[in-house]
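Naming follows writing order (A, B, C and D), and every chain is counted from residue 1.
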Amino acid sequence: MPDLLRKGRLAPAAKDAVKFTSSALDDVKILKQIVDINKAHMLMLAEKDIVNREAAQKILKALFDTNSKIKLSPEIDDAHMAVEEQVVKAVGAEVGGNLNLAKSRNDQVSTAIRMKLRQELLCLVETLNELQKTLIQQAEQHLKTIVPGYTHLQPAQPITLAHYLVAQFDALQRSLERLEETYERVNRCPMGAGALATTSFTISRERVAELLGFSMVLENSLDAVSTRDYLLEMLADLSILAADVTRFVEDLILWSTADFGVLELPDEYAFTSSIMPQKKNPDMLEVIRARMSLVSGNYIACATTIMALPSGYNMDFQELTPKLWTSFDTSIGCLAMLSKVVAKIKVKSNHADKPVWSFMAATELANMLVRNHNIPFRTAHKIVGALVKALIDEGKTLKDATPALLSDVSKETLDQPLKVNKEEVAAATNLLNVVESHKVKGGPSPAEVARMLGKRKKEMDASKGWVSQKKNGLTKAEEMLESSVRVVLGLK
Amino acid sequence: MPDLLRKGRLAPAAKDAVKFTSSALDDVKILKQIVDINKAHMLMLAEKDIVNREAAQKILKALFDTNSKIKLSPEIDDAHMAVEEQVVKAVGAEVGGNLNLAKSRNDQVSTAIRMKLRQELLCLVETLNELQKTLIQQAEQHLKTIVPGYTHLQPAQPITLAHYLVAQFDALQRSLERLEETYERVNRCPMGAGALATTSFTISRERVAELLGFSMVLENSLDAVSTRDYLLEMLADLSILAADVTRFVEDLILWSTADFGVLELPDEYAFTSSIMPQKKNPDMLEVIRARMSLVSGNYIACATTIMALPSGYNMDFQELTPKLWTSFDTSIGCLAMLSKVVAKIKVKSNHADKPVWSFMAATELANMLVRNHNIPFRTAHKIVGALVKALIDEGKTLKDATPALLSDVSKETLDQPLKVNKEEVAAATNLLNVVESHKVKGGPSPAEVARMLGKRKKEMDASKGWVSQKKNGLTKAEEMLESSVRVVLGLK
Amino acid sequence: MPDLLRKGRLAPAAKDAVKFTSSALDDVKILKQIVDINKAHMLMLAEKDIVNREAAQKILKALFDTNSKIKLSPEIDDAHMAVEEQVVKAVGAEVGGNLNLAKSRNDQVSTAIRMKLRQELLCLVETLNELQKTLIQQAEQHLKTIVPGYTHLQPAQPITLAHYLVAQFDALQRSLERLEETYERVNRCPMGAGALATTSFTISRERVAELLGFSMVLENSLDAVSTRDYLLEMLADLSILAADVTRFVEDLILWSTADFGVLELPDEYAFTSSIMPQKKNPDMLEVIRARMSLVSGNYIACATTIMALPSGYNMDFQELTPKLWTSFDTSIGCLAMLSKVVAKIKVKSNHADKPVWSFMAATELANMLVRNHNIPFRTAHKIVGALVKALIDEGKTLKDATPALLSDVSKETLDQPLKVNKEEVAAATNLLNVVESHKVKGGPSPAEVARMLGKRKKEMDASKGWVSQKKNGLTKAEEMLESSVRVVLGLK
Amino acid sequence: MPDLLRKGRLAPAAKDAVKFTSSALDDVKILKQIVDINKAHMLMLAEKDIVNREAAQKILKALFDTNSKIKLSPEIDDAHMAVEEQVVKAVGAEVGGNLNLAKSRNDQVSTAIRMKLRQELLCLVETLNELQKTLIQQAEQHLKTIVPGYTHLQPAQPITLAHYLVAQFDALQRSLERLEETYERVNRCPMGAGALATTSFTISRERVAELLGFSMVLENSLDAVSTRDYLLEMLADLSILAADVTRFVEDLILWSTADFGVLELPDEYAFTSSIMPQKKNPDMLEVIRARMSLVSGNYIACATTIMALPSGYNMDFQELTPKLWTSFDTSIGCLAMLSKVVAKIKVKSNHADKPVWSFMAATELANMLVRNHNIPFRTAHKIVGALVKALIDEGKTLKDATPALLSDVSKETLDQPLKVNKEEVAAATNLLNVVESHKVKGGPSPAEVARMLGKRKKEMDASKGWVSQKKNGLTKAEEMLESSVRVVLGLK
């Protein structure tokens, strides 16, 4: 770079200064994108007769040949200068000196990041889809498998594993919605904004945008190089996703503890201790929990950096992009691993008999009193509450509830007896019964959950379709760019 | 509350315990919403014959009368219990005891928050619109007012104040896009999810959703009570908006310093010092900068709290909502104030003559060499760089550039003379000229900015239309609820 | 304020501008401190003959009378101006106009915050001490009460509740260390730094510092008004404390779930559900968890605001202090409530017999093989691991381990039999035995924990002593200030 | 690892599971520490006759030979298992199987991190010292170099560059205080805590602590393996330091803008633009600003992860340590680079004549009125305020102030004339005069700053002394460990 940019205004830069500020090693992520942008820009300059055809041909050929040869090292500023250096080496300074005409690193870098971001985002959507598929497959096996629904981490009401997994599906689905919306804001093209004020050459920003697969030009040129809100939005999406995923993983960790005993982790995805031979630890889930929470930290780290930066390009921006790629790598890696673990999770065979869970039928017992015996709900709530207390005090469970006990408790609490028959009590305290009676829209009854699963499969298909469509669009743009360049080069 | 919920299962709560956990004082924000939900739910129970018409009438009447009478104090749990207590007081325990049938505080509180959030969000959109309007009005006055475009906080290329303000408009516009998308995810109805598993009563969740103005039911019942991602998404929107606003404000602060001297703040929105009589401080802008950055802190505070919480309702949720309302109050307050300040900002009369700004024409001087003299851009860049250095070393500015000097520098740097005429240099170094020549799409030329302003006025109209449509929808739902209740009450 | 500061340089401020930026309502927290600073400063000016004795007397008298009369409202800038206004009203502009001589709001506000902070910090230390006392009292009751020591949330090795509570004590003790160190950095006096450059009057900064109870002058005057790192340090201390407290509370929540069943919360500090009569929810603990995590959010919110602010006073600072007071109020409130809950927690009577906990003796069983049978530890680890697996597969627990089974497993895994007698197995698998054998320094054996408790009582005494000493110092300074003022006023 | 830990309890782990959770690649940072811990532990076991001398000799020899041979790859769990595997390979399973006797990865990893942390912390202190030295050297050159003291980014009162740099020194000095205090809390030894409950073998934790250079044993064994507050404290120190450093850097960026024009960056540490030849951008400073702010983000990322984790070891901890090392690398790198830049910064030759800065004498002009003309300060403040306004309105500066103008303004504002002579005005408006008159403790007068510099040199010496003492202590411990091992091995 010193050679290319320095000779005029400034004395040579200190080597440690270049090394310190260089983004070259991080730029490997966007090198292909930078070369493509240079191609598209030069093609447009030639089409608009801003650079003459012959010079353009030479440069385009050099760009065509260049990809594999570029070496990024911290001795150069960044990938932008590396590409320019490579081209100048190939075609000489006279011709190559126009590579950067009517553009700047400021518009180029934001364009390159957006192009890479499109790919990462589509990859994340596919990984989320895969996880959703696993959730559905497990759910289909467990339409009638009772698990506790917890509130405040206390067993509250019985649901099924299928019902639980659909809830997780739906949280991921909202992340997919957000990601698709963000994609539209990412997919806008800053090229041609130059340093910040466009250029006095009569370039076509629309043409460059089209050749690079963007849906539109990011219009105002100061905004185009200055904004990083797309990056914050992207990280916010990942942060919200992270919050939902850590909640799911927290459940899995808790449910696979010896004390909760709801789930059994697969041996191959669990670890033991170097000292305690009985341990079966959920290391992977803990690692996922921690990594996803660190992704969330990246949002605030980047927001802090961007906050109150003056308009225009500031070098601080450069430090943000590595956080972005790391956040994607982590999220995609964790979600893929989570799919594998979830696919092999088993429900403990005898779990549904756990005594403390019997009390989850209490609400239904109260509902039954309302429905069959015309007792106001708040009164029924109190009677059943007192019954629960009586049973716990005697070390019993709700399975030990009898019509007689219910009547006694009612008399004591509310000064009135209660005539309930045995069958009523049995029906209301059978957990599977309870689940099956909850067939309201969105409820845990097997039929309703089966209906929901069908609907969600269609949502998954829609997501897949969306990804395909976007990928096709990008492929077509890439083909247009290559073929247009080939035309200029006379190669076809 | 002790009376309503305690008698059965638990001994009375300690008074300090109730006071400590009570959300009653914060609930004042959602009291109206809670009463409306109770109305809609009871109406549906009556329509579905789950509660008999007579009892429903009594309860609905009590709810109708209740609004003004409810007093929230930290001696009660929350607004939910306060409403129930009030109804029971009015109609007796026998009838009022069914108010909470087939619903729970868990679905009710999330529904109420979403209803309030719709209002806050619409109000924020209106405030943003107002600020955008101010930006456009100021821009129209300053299509030809030169201001420096900065990168790295160094004067880079000349733009106009109008061009700058359009960039700010566009950043806000993306926030509006995000807010409208978030609205759709907020506007989904959890009611009927109960504690987490719906209910065994055959309620209609769709009917309640319709009566409360929601666009759809939030289906899976565990998800419905458990998710708080809508809250995180909302705060993320505010946080991204905050980042953009603080950047705008930072520019205003810098540009109104004595040293930058671009803008003049209105006296009535500036402050002086208690000790230094010469000071004219941008206190308001600093306060906006700080408050908006604190809003961003609320995102991470809430994300930290939600991260890794188990599924189902957890009491931690209660602590999040006050942060949400505070964030809205702050954002709306700051944006409204910013509108007022921006409306009165003046450009310093003599600003464009500032010597250090003359160099902003350097790029255009290089472009001219490329265009008129067929010099490769990178070479032109070096020549002009050396020219700048020579001028600075002699304490001169780019206005002092002459054809002779340019030729000397060219000879020295590149060993070749350069024949440029006086008019070329004059044209290329006149800042207004430069701006007018940058007429590419999105560029700062007055004509292009005027075109952009026209387009943005239409975007503003679209936003306003969107708000109206949503408000109308909510009003209609409210009318439907009131009239349906009146029908049941025989009032009409 | 307009009257006091405006007439010269600026036109009147807009009313909404004053209201928007006013800190008056928040300043109620530091009003007394501001008055005291004014007293000390004026006293010093009189002692140094910078203001004549007569004028100083009038002003001091006015300050003496002023406290109760000052009304803070958002119509004035802040408490500094309110005090000045009040004094001017009492003694006239001629005399009162010197109240602000040789000082500024910039040094005054930071001094006042530091003075208030000293009080808050001492109050927090006392609250922490109270919680530590509760931990020790509970620990003394539970030297032999077995609870599971968890790693990865899986039962790992048996400890006692006393041992667990000492661990919590020690975490709090480190917070106390940090708080005491922070106190020393808070307790430095900025007064006399003026706006940022001291003054040309020959004031004595040492005298003012002494009268206000500071241990030293914060020397460099730019640093004195500019730094807010003391505020960040304070919030960091609270944030680290919050992390430790949330971990403690998380354990309590988990341990009091129906599934873990280790602890029983007191009825008066637990809540039930509005719909599920069986619930006994740890609402208070969840609220503490959430609030403490929000305190942690305040650190990052303030750090974000301070980050990259230019040197000197910036109005942004004003927005930080309310976060500081809120953080203290929340922390002190939560810790006080936690003390009450912890004091009443009970251990479930039958908990130690829980089958899944029996395996916690596995490490000791392996240790026994090493110690008595000269088997390498890694080999013993494998044998016991296989034993555990065999028992679990048969639905048994470690209590069902027999010498025969151990020998079988050993043969199968390592192809060698093992001669262990019944007593050895019984001793190694009795949890209380295991605990008693862990008598290494810091271990859970009752004797060792008793020793630790003794040591910690002394640490508590030292903390209390430290608080007393600091309080005495502050009281003495206050007395010196009052008596010196009285001398000047001729009152004594 | 599968071979070492798996055979008993669990089926083999999936390869991708091991790779996903492996910390081996990160562990390279603490490999030496882990080997040293194993040496110290085995030595103690031999000294206490828990392992027989012969076996201990073999193991110690293997550990002695092992360092260079250990290869860390993601196919193994972590460095702990890699060391054990290497030893077993060298001495066989019979003997090597006791390497892990009476210890665990849980105590070992926290011990290793603390040992590494000691080194990093000392290195950071040295880097801070170097920066302080640079500040002092620059300050000594600029005792009389006027720079503006800003508040609200408006020129407020004149100070000198030396005075400014001392303020920066003092902020760093407080970081040094914090770091030294944190060192004491880091330097406590968890070894012997085992998995969480110590061991039934009669080990000496004190001996291991001594051999590893710790100042004390971290007593309670659950606390010892469970706490990560030392890590949060460390990151909080770095975060507060980061805040102070970004504020310094922000000043440098602003002061070297063309508009402020206070400072000139050295060419070799500045960069130009790829398109705008006139640019001289402070890229390095911007990079430092961004990186330091990202360090601050690491605090909250880690705090979020730790918040509400249950007690005992959780795998989440593993994900935190890389953040810690990154934070140190970044901080040390940025501070070292900042030293280099600061050492070469120049003050712009003509800067002090900048017209807008003349007004910085306004406070002193008011003070003069108070001192020489017995005008109350608040009145003087108003007169000078009006004078400033009059001058600005006419496009003049404070240098244009005359006795006549002052009298006119006074008459107009306060209805009273004012007799000031020319010399008084000249003296009060000469910036160097003003600075020299501010000789109060901590003020900018050259004499006072020279005094402060002398004092700060002594503080620097004290810091250096502290580092030496700590380093000596660690070296001695290392020698004791090596020589004790050699004794057991009969090597000396």
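Basically, a residue touches a chain if its C-beta (ideal position, glycine included) is under 8 Å from a C-beta of that chain, and two chains touch if they have at least 3 such contacts.
Owing to the predicted nature of the structure, the values given are computational and were not obtained by experimental measurement.
Counting only chains that touch, the fewest steps needed to get from chain B to chain D is 1. Chain centres here are Cα means. That of chain C falls 23 Å from that of chain D. Remark: chain B and chain C have CA centroids separated by 34 Å (rounded to whole angstrom). The geometric centre of chain A is 35 Å away from that of chain C, both derived from CA atoms. Shared interface positions of chain A, defined as residues touching 2 or more other chains, are 5, 8-10, 100, 106, 151-153, 156-157, 194-195, 254, 272-283, 286, 289, 293, 296, 300, 303-304, 307-308, 314-315, 363, 381-382, 384-385, 387-388.
Chain contacts here are complete: no pair of chains fails to touch. In the complex of the two chains, the chain C residues touching chain B come out as 5-6, 8-14, 16-17, 20-21, 77, 80-81, 100, 103-106, 194-195, 267-284, 286-287, 289-291, 293-294, 296-298, 300-302, 304-305, 314-320, 323, 333, 337, 340. Residue ranges of chain D in contact with chain B, taken from their complex: 151-157, 253-254, 257-261, 272-273, 275-283, 286, 300, 303-304, 307-308, 354, 356-357, 359-360, 362-363, 366, 381-382, 384-385, 387-388, 398. Put simply, chain B touches chain A in their complex at residues 4-5, 7-10, 84, 88, 93-102, 106, 149-153, 156-159, 163-164, 166-167, 169-171, 174-175, 177-178, 181, 185, 192-203, 205-206, 217-227, 229, 232-233, 236, 239-240, 242-244, 246-251, 254, 289, 293, 296, 299-300, 303-304, 306-315, 363-364, 367, 370-371, 376-379, 381-389, 413, 434-435, 437-438, 440-444, 452.
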